[in-house]
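Next come two complexes built around chain A: one with chain B, the other with chain C.
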Partner chain A sequence: METIAIDIRGQICPACLLITLREINTHKTVLRDGKARLVIKTDHRDATRTIPSTVCAMGYDINVTGRKGYYEITIGYRK
Partner chain B sequence: MYPEIVLTHLLFGIGLGVVMHRSDFCMAGAFRDIFITRDFFRMRAVILLVSVTSVLLYLARTAGLVDSYPPSFYSSPSLAHLAGGVIFGIGMVLAGGCVMGTLYKAGAGNLVSLCAFSGLLLGSLLFAWAYPLHRSFVEATTLPGGFTAMEHLTGAPGLSALLIVSISILYLFRGKERPAWTSNAFARGYLDPWKAALIVCAIIILSFTLTGRPLALTSGYSRLASCLAERLLPEAVTLPSARSDSVRLLYGMAMDPESLSGTDPVVLTQVPLIFGIVIGAFLSALRLGEITARPAPPRRQLLSGFAGGILLACGSLMAGGCNVWHIMGGLPLFVFQSVLFVCGMGFGAYVGSRLLLTTVLQVERCAPHGNHSY
Partner chain C sequence: MRKIAPLRINNIDELQKSNETLKRYIREKVNQLLSMMGTRPLDPAELDDSTLLDIDPIGIIADAFGQVLEHLEETNRKLINTKDQLQAVFETAGVCISIVDPDLRIISCNEKQRELLVSDLNEKEFVGRYCYEVYCGNDSPALYCPAIETIETGKPVFIREIKKKGRYFQIVTSPLKNRDGTLKGVVEVSIDVTEKKRAEEGMRQAEKLSAIGLLGAGVAHEINTPLGNILGYAKMLLKEQDLSDHHKEKLQVIVEQAKKGSEIIRGLLNFSRQSKPSLATISMNDMVNKVLLELSTQIERQGITTRKNLRPIPLVEADPLQIEQVLSNLVLNALHALARTPEGTIIVETQRTGAFVETRIVDNGPGISDTLLPLIFDPFFTTKPVGEGVGLGLSICSGIIRDHGGTIQAESDPRGKTVFSFLLPVRSP
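Entry: the complex of A and B
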């Protein structure tokens, strides 16, 4: 499975959610076919609330992992 | 007495910095999220903050813990409060945070917020030059009659708190669905904004009972800016055009100096509060392992932060205070100038959101969809 990595650490609010949604729309086909997953790196604490709640409602599975200095949000399509 | 005042405000600031960082309880976010993602989650906490503060202030006053009521330090409303609110609202969205948001995010190592803080300092100096013009505008547009708060009009103690609580309840429970207060944020040490709002309420009430005043930051960063200017550009500060009325602003606003025996009250209260917020957020981020090197944000965002900081400073100086002074202090007392400021701030947040989406982030508005509700 292809991994599409997006690093949005340090960016202004609310760039994290908006850029994530833009990337989901851009890669919608491969994400829905299960051929790719999106891995977002963010240091924006509120993004660990807004991204999961918004993206889950769109039918995607999500996993959030705390890394040193940032959070890694993995998004894949829910089968 | 002075070390106690400084230490108290430093501790207030540290407490605010920790709480704000843990909860990401950003007022700019509360307003902006409504326009960009239609997310009302943080706005609920702001409304809770205002209504609980209003009730607690009334109770504190009834118990004789707050002397200055109705507040003498809030002047009659003028169009400058509305215009200042609009400028402030645009600025806070572009800067990615209000003044307090800028401070706690800068403390946690956010580069855009550091740029916004630089803009705040520069904006304070720039506004000093336009101060005579601002004074004329205030004098021409001030509401006559000396009415500063709802209580001046009605003469009924407690009516302000009753009105604010009623409006809050109507707003919060206007829909059929129960509003969500908690969230499933995955951030380490996350504090729900409603809990943060109640802690901030406690700090506001402590500030009122100990100093007779709400929390404030505006004069503090104006003072920091003037100190920097004195060192870097001494000629500019001593130019004749920078004297007279603007000196009052450049060197801090009058804050009842008699009660502090002539010692600079801004340095005693607001400057420690500013440093406290930065220190508190830094310690919180350090404790959570969030202080690390990170890639630089796009240049467009850094510029947005800087420009937003300048607007934040100009807006808050024009309105006689930032959102901390008006939303955490004036609005709970139903002070008219704060009501004007908040109306302007809401409109400014809308304009700022449009600018942020089209000019800075260059993305379309993305409202959450699906079967999810905030």
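Entry: the complex of A and C
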């Protein structure tokens, strides 16, 4: 499975959310087909709350992992 | 349609002003959409006007909502699918399922439950009514009602056997909870164990009968000879000339008691007869007429009314003597039960029931209590005083009917109605 990585460290909410949504919209087909997943790096704590709640409502699965100094949010389509 | 007046711009100032208004409008709408998504408004310091327009937030959010809708639609479709499947399982399950609310009002039930426990009411008529009215036919809930226990404790309850509308059920009740954990109702699953129970009872009965039959045959034979001797010698003695009245009286008692003894022995031997029925083609309606005629003197003497309700029925293959014995045992029992009933009535009915001919003997006597009912087919069970009944009548009947591939059963309402009914297989063509 392909991984589409996006680094939005330095951005703060709601820009983080908007950028994430834009990426999901752009890659909608491959994501929904299960051919790719999105991995987002952010250092903004609020984003780990706002992104999952919106993205879940769109039918995606979310996994948030804390790394050194940033968070990694993985988004894939829920079959 | 109302025409929108074209925007006419007269100078730069005005242009800038309207530009500001539009940008403010966009920011406001973006913020409104963001707050719907649970995030905070855009900070103008973070995102200047030109970046804002570059990013196209309204477009992004619109697309995202598009996906939310798509996802909802799909989820809906899946839910409907799952619901249809569950509904099919619910309806076609071989067990009775019912859901009641915490006030014991029916929310819904499945096909099997309707078939066995809801009599001729349609869905509109029973939903919302009390379950104990519809399912149990009572004015108030039973003392041991498992649904009430589940409502009170919030825990599942299992009942091994409960009688509803003449059938036996095993029941499990489980709580149905709302998402917040409060009780929404009770799911009641009932399994009809009537046939199983009847079969078990038949087995138990058959085992008892064969044990007693073997023992009885042996003992009866051994006792018959000495008993015959006692009777013979007592009768010889009675013929002696020089007996005092006092002695004669006592001898008379010996003779009577010996006779009673041999009657019991005859019953036992009869009971343990190993012979298979010798079959003939017979009409149950003819048998009923014959037996009632034979017993007519006794019926009239007791002032009992008899009614016959003999329907057109197929012939059966049976041993006429044995079937006569069954019928007369049942009618004699009814006559005996009616000894103290004013306006005693015996109804004998015949009808076809599936592949069987059913014969029913109904009396309006005192009935049989629930505690005694399971015992009456047991050998030697009798409520009659010593000397009047041996308690073998019904066990002989049940043995004969079983030998014919049929079943016999008793139902009684202790308020005064007893029904004995037996089924004999229709003669195969």
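Operating definition for what follows: the second predicted complex is superposed on the first by the 78 of 79 C-alpha atoms of A that agree within 3 Å, B and C clash if a C-alpha of one lies under 4 Å from a C-alpha of the other, contacts with A are read in each partner's own complex, and residues count from 1 in each chain.
Quick note on the criterion: contacts are C-beta pairs under 8 Å (C-beta built on N, C-alpha and C of every residue); 3 or more make two chains touch, one makes a residue touch a chain.
Note that the structure is predicted; figures quoted are calculated from it, not measured.
**Q** Return fit or clash for chain B versus chain C, each positioned on chain A through the superposition.
**A** Superposition check on chain A flags a clash between chain B and chain C.
**Q** For A:Lys68, decide between first (touching chain B), second (touching chain C), both and neither.
**A** first
**Q** Is A:Met58 in contact with chain B, with chain C, with both, or with neither (first, second, both, neither)?
**A** both
**Q** When the two structures are overlaid on chain A, which partner does A:Thr48 contact: first (chain B), second (chain C), both, or neither?
**A** First partner only.
**Q** Quick check for you: in the superposed arrangement, does A:Pro14 touch first (chain B), second (chain C), both or neither?
**A** Both chain B and chain C are touched by A:Pro14.
**Q** After superposition on the shared chain, which partner residues are touched by A:Arg22: those of chain B (first), chain C (second), both, or neither?
**A** both
**Q** Given the superposition on chain A, which partner contacts more residues in chain A: chain B or chain C?
**A** B
**Q** Based on the superposed arrangement, let me know which partner A:Glu2 touches: chain B (first), chain C (second), both, or neither?
**A** It touches nothing on chain B or chain C.
**Q** In the overlay, one of 58-66, 184-192, 310-318 or 364-372 from chain B clashes with chain C and the rest don't. Which one?
**A** 364-372
**Q** Shared contact residues on chain A, chain B side and chain C side combined as an intersection?
**A** After superposing on chain A, chain A residues 12-15, 17-19, 21-22, 46, 50, 53-54, 57-59 contact both chain B and chain C.
**Q** In their shared complex, at which residues does chain A touch chain B?
**A** Touching chain B: residues 7, 9-15, 17-19, 21-22, 43-46, 48-50, 52-54, 56-59, 64, 66, 68-71 of chain A.
**Q** Which of the residues in chain C end up touching chain A in this complex?
**A** 34, 37-42, 46-47, 55, 57, 60-61, 63-64, 67-68, 70-71, 74-75
**Q** Please give the residue numbers of chain B that touch chain A in the complex, ascending.
**A** For this pair, the touching residues of chain B are 21, 24, 26, 28-29, 32-33, 36-37, 39, 41, 96-97, 110-112, 183-188, 190, 289-298, 301, 304-305, 356-357, 360-361, 363, 366, 368-372, 374.
**Q** Flag every residue of chain A that touches chain C in the complex, lowest number first.
**A** 12-15, 17-19, 21-22, 24-25, 28, 46, 50, 53-54, 57-59
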